[in-house]
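In the two complexes below, chain A is the common chain; its partner is chain B in one and chain C in the other.
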Partner chain A sequence: MQPVKWLVEFVDVRLGIKEIYQKELKGYLLPRKVNVWYTLGAVLLTLFTIQIITGILLLMFYVPDAEKAYASVEAIMNDVPFGWLFRMLHVVGANVIVIALLMHMLSVLFMNSYKGRREFTWLTGFILFNLAMGLCLTGYLLPWSQLSFWATTVATDAAGAIPLVGDQVVEFLRGGPTVDNQTLGRFFALHVVGMPLVLLGLIGLHLFCVKRRGISTPPFGEDYREPQEMPFFEHEKHPGGIPFFPNYFVKDAAVIAFFMAFMLAIIFYAPGLFFPETAFQRADPFVTPPHIKPEWYFLWAYQTLKIFPSKIIGLGVQVAFMTFLALLPFIDRSRERRPAKRPLFVTCYVLGILLFVAISIWGHYS
Partner chain B sequence: MMLGGLGALIGAASAWPVLRFLSPRATGGKADTVTVARSDVKQGDAHFFQYRSKPAVVLQPKPGEFVALSAVCTHLGCIVAWQKQAGEFLCPCHGGRFSAEGQVLGGPPPSPLESFPVKLEGDQLKIG
Partner chain C sequence: MIRTSTQLFLLAVLSLCLVPALAPAADTVCLQCHGGLDGRLGDPVDAWRTSVHAENDISCHDCHGGDPTDMAMAMSPERGFIGVPEYTEVPDFCGRCHVGVAKAYKAGAHGQAIDRGGAQCVVCHSNHAIQPASLDMINEKDCTRCHSYERAALIRLALVETDTMIKNVEQDLDKLHRLGFAVDDMQGTLFNQRNIFHRTFHGVDVERVRAETGDVQAALGKIKDKIDTIKTTLGQRKLWGSVVIGLIVLAGIVFLLIRKSYEEDEHS
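Showing the complex of A and B:
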């Protein structure tokens, strides 16, 4: 018997892995019309795995101390063999994750996949999106650059708009009146342990919701029919569909390869894309650099704070928008999923994206 | 019901040490007054220094007249920059503008820069 076959048999008689393979992979059927947008979950899982691996490697050389952090990142980039590669994978990977998350969320929105009793799937996904944003925010304080320092100062100061206890909340977040070593310590702990643990738990819950409820059918084509909603729980099955393994797995792998190529192309051909000049200056608590801007995915929030004369209104608008998005499946109760039959929704969807892009561009150039 | 109450009690008892652990510690020893050499504050220039753990600034708009202000923008906490030509402060983050006395001239800041008393004692400025 070949060694691999022997090993499979050895494990199978003990854990029954062949049954799992038949039931959960080969026998797990997806809708026949499933499209490329359905692969983004697998892409995100891969990207998060890369973040964990590169993050662990960076931890071996990074020093979470305000006096030493910047120098330790410089050493990672310049002295540690391949340190630049792992840091670039981590930084570019974080940005690509935000792109993939936005694409995932927008495709789910466009196909109205949050309908059909998938409120929990949407909610866990939405919390995951915000948690990823939190990981980005806590992560970019760690290099202790000017960009790090002032982005964190502005982000934490925004909590000061909370009535009555705003100032106390700001101090609590920072661990003191200003961003300093205390802030670095708590952001470091959150970034490398606290948030990743919650993220892993939530990914598990999100996947459980997806698997338990069943994949939604893409709402396109003449033969699309809305599944019947029963007054009890029912897993949405797709008899006659395509097997997850190997058929859909190959599609997943192809899109993952595309994203990897995209990431490596940025690292090798446009390494400065996500690094403004202020990312290469050590943090100076006395000098806010002129024209300092947050990362591209926070530009909309930055510009909103600039547009509204009152900080509390600016923040209130952002909170209201995010709350609306989080609760969308509970607000939008119509059962129709086909975009062609929902002109008002599609108009709001397109206008919403245009508004986000326009405010972000405005924020970049203002 | 009793189990729920007990759970809440245990939860609160465990949360309190965590909350205290994370709360900012009293800084202590941060002087309420700071001394700056008069020669460091040239007429028309701004001198930045640390006051009560936060950046502050002292100016000499007219000969012998000194103004001390918090350098922290009241909008979102960035440090204002002194624009010598314009004779005003500009916040680089969201474009807030303040006069040499700390009053809001434009942009999103909701309130003036906090001002501190300044006393000239010999060749030293006593702030606070």
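Showing the complex of A and C:
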């Protein structure tokens, strides 16, 4: 018997892995019309895995102390073998994750895949999106550069607009009246332990929701029929569908490969894309750099705070918008999923994206 | 759903209609007061804002003294206000910071002739709209305001090569710094060499300029060698990166082709 075959048999008689393979991979059927947008979940899983691996590697050399943090990051970039690659993968990977998350959420929104009793799937996904933003924000401070310091000062300052308890919230976030060593300590702990643990749990819950309820059918084509909803739980099956493995898995692998190529292309051909000049200046609380801006994915929030006459209104609009998005499956109760049959929804969808882009560009140049 | 979409649309329109409320930048009391004045008392503020001093956060009080935080005592001698220097005092006024340049200037022809109207700092560099020192300042139009251009032209010629070298090294170091390379030591050496270079030609002695720029060029050459080594490393990274990217794209294409074959099976 060949060694691999022997090993499979050895494990199978003990754990029944062939049955799992038949049931969960080859026997797990997807809708026949499943499209490329359905691969983004696998892409995100891969990107999060890369973040964890590179994060652990960076953790070996990073020193979470305001006096030493900047020098340790500089050493990672210059002295540690392949340290520059780990860090670039981590930083660029974080930005690519945000791109993939936005694409994933927008495709789910466009195909109305949150419908059909998938409220929990949407909600866990939405919380994951916000958690990823939180990881970006906490990770931003760690290099202790001018950019880190002042972007965190501005970001935490926004919480001061909360009525009555604003100042206390700011102080709680920073661990003191200003951003300093205590802020670095708590952001570090949240970034490397607290948030990743919650993230892993939520990813598990999200995948459980997806798997338990079943993959939604893309709402396109003349033969599309919305499955009937029964008054009890039912897994949405796709008889005669495509086996997940290997049939659809290869498509997942192809899109993952293209995302990896995109990420590496930024690292090798445009390494400075996500690093403004202030990212390579040691934090100085006494010198405010001119034109400090948050990362591109926070520009819409930054500009929203500026365009309203008071911060509290800007913050209120952001909270209202995010709450509306989070609760969308509970608000939008119509069963129709086909975009062609929902012109008003599609108009708002397109206008919403244009507004997000316009406000972000405005924020960049304001 | 119509209600939901209408809400989203109204939010979009509302956001676009609102006018931005921008916060004013914080200034010193000198800028706050003089910035609102016209003519002789206000012009220096506008001129200063275009200067290399403003770029580097060197403000009014750094040269003129005084207290930039107290409107009432800002111009009090008790708080170190020294006001405007006399014509012959200017080299010492600027020389508090530009020590080496002031020393070289005083030893040179310009400095020796200051009591007879010889050029001092502001004659060439202006007073408030101070621009970064460059070779363009040595030109026929400006130099011939006081004397013939021959000697100045020779000095300029001796400086061109070193000046270009300094600019190129500076640009290269800035680029490498933006990529995360630790170039502080090299930037420190460059800063030092540029100061020596500036000091050299403030003495307006052609032979001395020729001799000393040679030393500066040798030091710059060492920095250039280090930059070239880093550039070679970057080139190698890009080469290997291209190979890896190519292989990954190829793998992606192969996966797509396999998917295509599955699709044919699924449709048959």
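Just so it is clear, the second predicted complex is superposed on the first by the 366 of 366 C-alpha atoms of A that agree within 3 Å, B and C clash if a C-alpha of one lies under 4 Å from a C-alpha of the other, contacts with A are read in each partner's own complex, and residues count from 1 in each chain.
Convention: contacts are C-beta pairs under 8 Å (C-beta built on N, C-alpha and C of every residue); 3 or more make two chains touch, one makes a residue touch a chain.
Model, not experiment: these values are computed from the prediction.
Peer 1: Given the alignment on chain A, is it a clash or a fit between chain B and chain C?
Peer 2: clash
Peer 1: Between chain B and chain C, whom does A:G221 touch in the aligned arrangement: first, second, both, or neither?
Peer 2: neither
Peer 1: Just chain B (first), just chain C (second), both, or neither: which does A:F321 touch?
Peer 2: In the superposition, A:F321 touches chain C alone.
Peer 1: First (chain B), second (chain C), both or neither: which does A:F345 touch?
Peer 2: In the superposed model, A:F345 contacts chain C only, not chain B.
Peer 1: Applying the document's definition of touch, where does A:T153 land relative to chain B and chain C: first, second, both, or neither?
Peer 2: The answer is first: A:T153 touches chain B but not chain C.
Peer 1: Between chain B and chain C, pick out the one touching the greater number of residues of chain A.
Peer 2: C
Peer 1: With the two structures laid over each other on chain A, which partner does A:K306 touch: chain B (first), chain C (second), both, or neither?
Peer 2: After superposing on A, A:K306 lies in contact with both chain B and chain C.
Peer 1: Identify the partner contact of A:G201: answer first if only chain B is touched, second if only chain C is, both if each is, neither if none is.
Peer 2: neither
Peer 1: Should A:P285 be classified as contacting the first partner (chain B), the second (chain C), both, or neither?
Peer 2: Only chain B is touched by A:P285; chain C is not.
Peer 1: Tell me which partner A:G176 touches in the superposition: chain B (first), chain C (second), both or neither.
Peer 2: A:G176 sits against chain B, while chain C stays out of touch.
Peer 1: A:R186 in the overlay: touching chain B, chain C, both, or neither? Say first, second, both or neither.
Peer 2: In the superposed model, A:R186 contacts chain B only, not chain C.
Peer 1: Quick check on my understanding: which residues of chain A belong to both its chain B contact set and its chain C contact set?
Peer 2: 287, 306, 308-309, 366
Peer 1: Which part of chain C faces chain A closely enough to touch in the complex?
Peer 2: Where chain C meets chain A, its residues are 1-2, 4-9, 11-12, 15-16, 18-22, 57, 177-182, 237-238, 241-242, 244-245, 248-249, 251-253, 255-256, 258-259, 262, 266.
Peer 1: With touch defined as at the start, can you tell me which chain B residues reach chain A in the complex?
Peer 2: 22-25, 27, 48, 52-55, 71, 75-81, 91-95, 108, 110
Peer 1: Okay, in this complex, where on chain A does chain C touch?
Peer 2: 32, 74, 77-78, 84, 87, 242, 246-248, 250-251, 253-255, 257-258, 260-261, 264-265, 267-269, 271-272, 275, 277, 280, 287, 304, 306-309, 317, 321, 324, 328, 331-334, 336, 342, 344-345, 347-348, 351-352, 355, 358-359, 366
Peer 1: Under the touch definition given earlier, write down the residues of chain A that touch chain B in their complex.
Peer 2: 150, 153-154, 156-158, 160, 170-172, 174-178, 182, 186, 285-292, 302, 305-306, 308-311, 314, 366
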